[in-house]
């Protein structure tokens, strides 16, 4: 089997969340989602529609840029589309998936990119949640976490920037945001989803070489461990070749330095 | 149509005032109007309320230079090159007021202003702390369906600063790449300053009206400023200057480092 | 003095309502407003901004088209602008003037383009008021009437499509539409405005050759006659020459056949 | 991207259903999708709710042909060639339901749908009978400023019919002239059929993405239909056919005249 980096594994894990025909938005500062969209379109989802923060649809970049809103991500697009139009599409229920990063994610998939400590007097002021407070309330999301540890995966986020399942169960329905929610959490160690009743995070698969103990220790809450835990399928040689060709500068590795 | 060509200095002196609500173009480090931002800093503007969606170096620099009282934003970050440390420090010290948004709620604020409305409805937002802490987001009911929606208060900029590719001397502007919210910001604002890579003839505009992104009615000053986005990118003209951005990201790790950067790269220079 | 038609006289009367720097929208089926905008821009208001229903700004047509949303009205424009953007501009208070036609106009400048007789069971169903129920409430308007008679100029319109001064006085303020209102009414016989207190229609000038009696008889309500009534200034030879050059097919005469 | 080329017959048979809300492109007699309209009539669609701003012959023809139950409109007229007599007669006879609007309120209805919202606020409207009689306009208060505004109920078309200049086989559409509300109508609708003068290569689209007016995601069927707007105009391709429109205006003066026109010019022909 070909050697691959954790970034490359995570990129294909995100790509596999995209089905053919899906409409997917890749945000700013999102190297792995960018790779995932390009991978999906190249391999298993040729009819997916790829929206990005360079404000285009379906670009065919020869090489990916450092900024995921950079000019290279406009190349051979079919149209320019300001993000507000893509958000309108999301609001009409016509966007299928967005990938989200977070400084903290809790067991119900709520994400924090606003503040560590009290919001008004934060210990650490974070950059802000970008699209999340809007999109997380109306559509499916997949969360990616390059550093799976118990300061990032916490029992309860200090502040809900992006809505997960709130307090779990039917809390989203009660809050008036019945649609969507986090579907998966892909980290550098494993893939997780949410148990349908409680909406609590549940292990799906361990990345090759990662132990269950390692994941439990790195997780700041009690993760649901199902009877069967698979091993994450590694990238194919073709996927690896494609990533290395389109990203010779290693943009996909930037979050892992 | 009146001629609107002027210098960077003149444009900022005339149209940016202490206390103004200032919308700033571009996204991340793409087509940020950096020359305008540096000139605002050199002219020592104060108490600005800056408004944007996903902003980087230009927000951080204005905040670090002490020009800013309030920030309406969804994200302030240098993307993969690190944190916007001036933003972080001043926010943690309570020295700037934060008006935190989702991307679409801050866009909707500008969209409301561009439509001449005091608010617009928006889906989502419920359950987020961003909704709960905001003074500019409220719950309303659709008068027809009874659905619960968020209402987003309009933000009307006094002035919008953008960098674009081409304009004629009257202010008919062409953005030859990602529009971002630049067009919306120009619509929404009382005044708009545009810096451009190239001045083109009005005949070129009239021969290709499809390519005009912002007509002259929304533009108050046109500044011929090649490389006006540097070190940000300007689609199809130049990519962002990674080395300069890394240098900035390094400098802002301490207030002293930022001060030195400011002296050397902004205050002691002219664009 | 050069000979001219009533249409030509009315076109210059409308043009004179446009000041330099004004932003003016010409609507659909509006040959005289189209001529007025082109005249104003050519002669006394070179810096006016001309918006039209061909969705452009400041075209320089060589010849005017029959349809006032026709392709010829796009020629050498500075940009395309969908009408909804022009309406946004109006809603921001940045559009200065629009011209309106009407099947009925009453003494307070209310206009009807909806129905003669009861609205739900009309004797005559009219085409509809186009932009009027929105724009008449937020900005200045000038009304043009090619056939001044007492079926058109009535005491009270059967239905208010476009808001004039409603019942007069401060009725607009009370209704919540304080801004704007009809400024002038230009007919084939005369020009009228509105008395500032009562907001009742008042004669301003009689077109050359038209008598006061003729106007009084053709008006279905008691028109205010001020002590001084001027004669409308006729078109200049240059204005006539321009109109005839740009409109050789007589589009401006269409409403007068 | 999937290929969406099909015949006029197939497009209408697949995407237009009895009872649908149908938004129709163009303004006045400019870029009205006349071939589509004639095909809708030939297929005998019934109980349509047609939606548009300032509409002409195509609304009148659909109404006269008995396809229409309800009309959302700001104006229906043949402009300088006369009255839309089918519209008038059926309205006076109470045979069609009228949902009368101002231009901007019907546009706002579509805009709300395009934004995925059940309503949008609007200024103006108060004092007009249009506001008073409408079930789709209500008074609301701004939750921030207390200002009184009109609320406009969304109209979400089941299908939008437009005629444009060019498209590739995937439905990336170029409108090379006045946009009117065609783009908005495509955004707002569940399905959109476009007839085009020319089919162009996808490479042409990708080489000039600035010129794409409507990307393929909003388009469900592409019909290659040169002269598809006739007798309406299609900017820069052809002007409206004045003689044909005069003939129509003359024909509709009586129901019999219209019936004859319909037989000779629509039902017994194919586009």
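Per-chain numbering from 1; labels A, B, C and D assigned in written order.
To be clear about the criterion, contacts are C-beta pairs under 8 Å (C-beta built on N, C-alpha and C of every residue); 3 or more make two chains touch, one makes a residue touch a chain.
No experiment lies behind these values; they were computed from the predicted model shown.
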| item | value |
| --- | --- |
| Third chains touching both subunit D and subunit A | B |
| Inter-chain centre distance, subunit A versus subunit B - centres from mean C-alpha coordinates, in Å | 27 |
| Length of the line joining the C-alpha centres of subunit B and subunit D, rounded to whole Å | 37 |
| Centre distance in Å when subunit A and subunit C are each reduced to the mean of their C-alpha atoms | 57 |
| Inter-centroid spacing, subunit C versus subunit B (mean Cα positions, whole Å) | 40 |
| Subunit C, residues touching no fewer than two other chains | 56, 74, 80, 91 |
| Residues within subunit D bordering two or more other chains | 116-117, 122-123, 210 |
| Every chain pair meeting the contact rule | A-B, A-D, B-C, B-D, C-D |
| Contact footprint of subunit D on subunit B as seen in their complex | 116-123, 136, 138, 140, 142-145, 147, 149, 151, 153, 176, 210-211 |
| Partner subunit D, residues of subunit A touching it in the complex | 23, 47, 49, 56-58, 60, 74, 76-81, 85, 88-94 |
| For the subunit C and subunit D complex, residues of the former touching the latter | 28-29, 31, 53-56, 65-72, 74, 80, 82-84, 87, 91, 113-114, 119-125, 127-138, 159-163, 166, 171-172, 175-177, 251, 254-255 |
| Touching residues on subunit B, where the partner in the complex is subunit A | 27-30, 53-54, 73-77, 79-80, 83-84, 87-88, 91-92, 94, 100-105, 107, 111, 122-131, 133, 148, 177-181, 183-184, 233-236, 239-240, 242 |
| For the subunit D and subunit A complex, residues of the former touching the latter | 1-2, 113-117, 170, 172, 187, 202, 205-207, 209-210, 212, 215-217 |
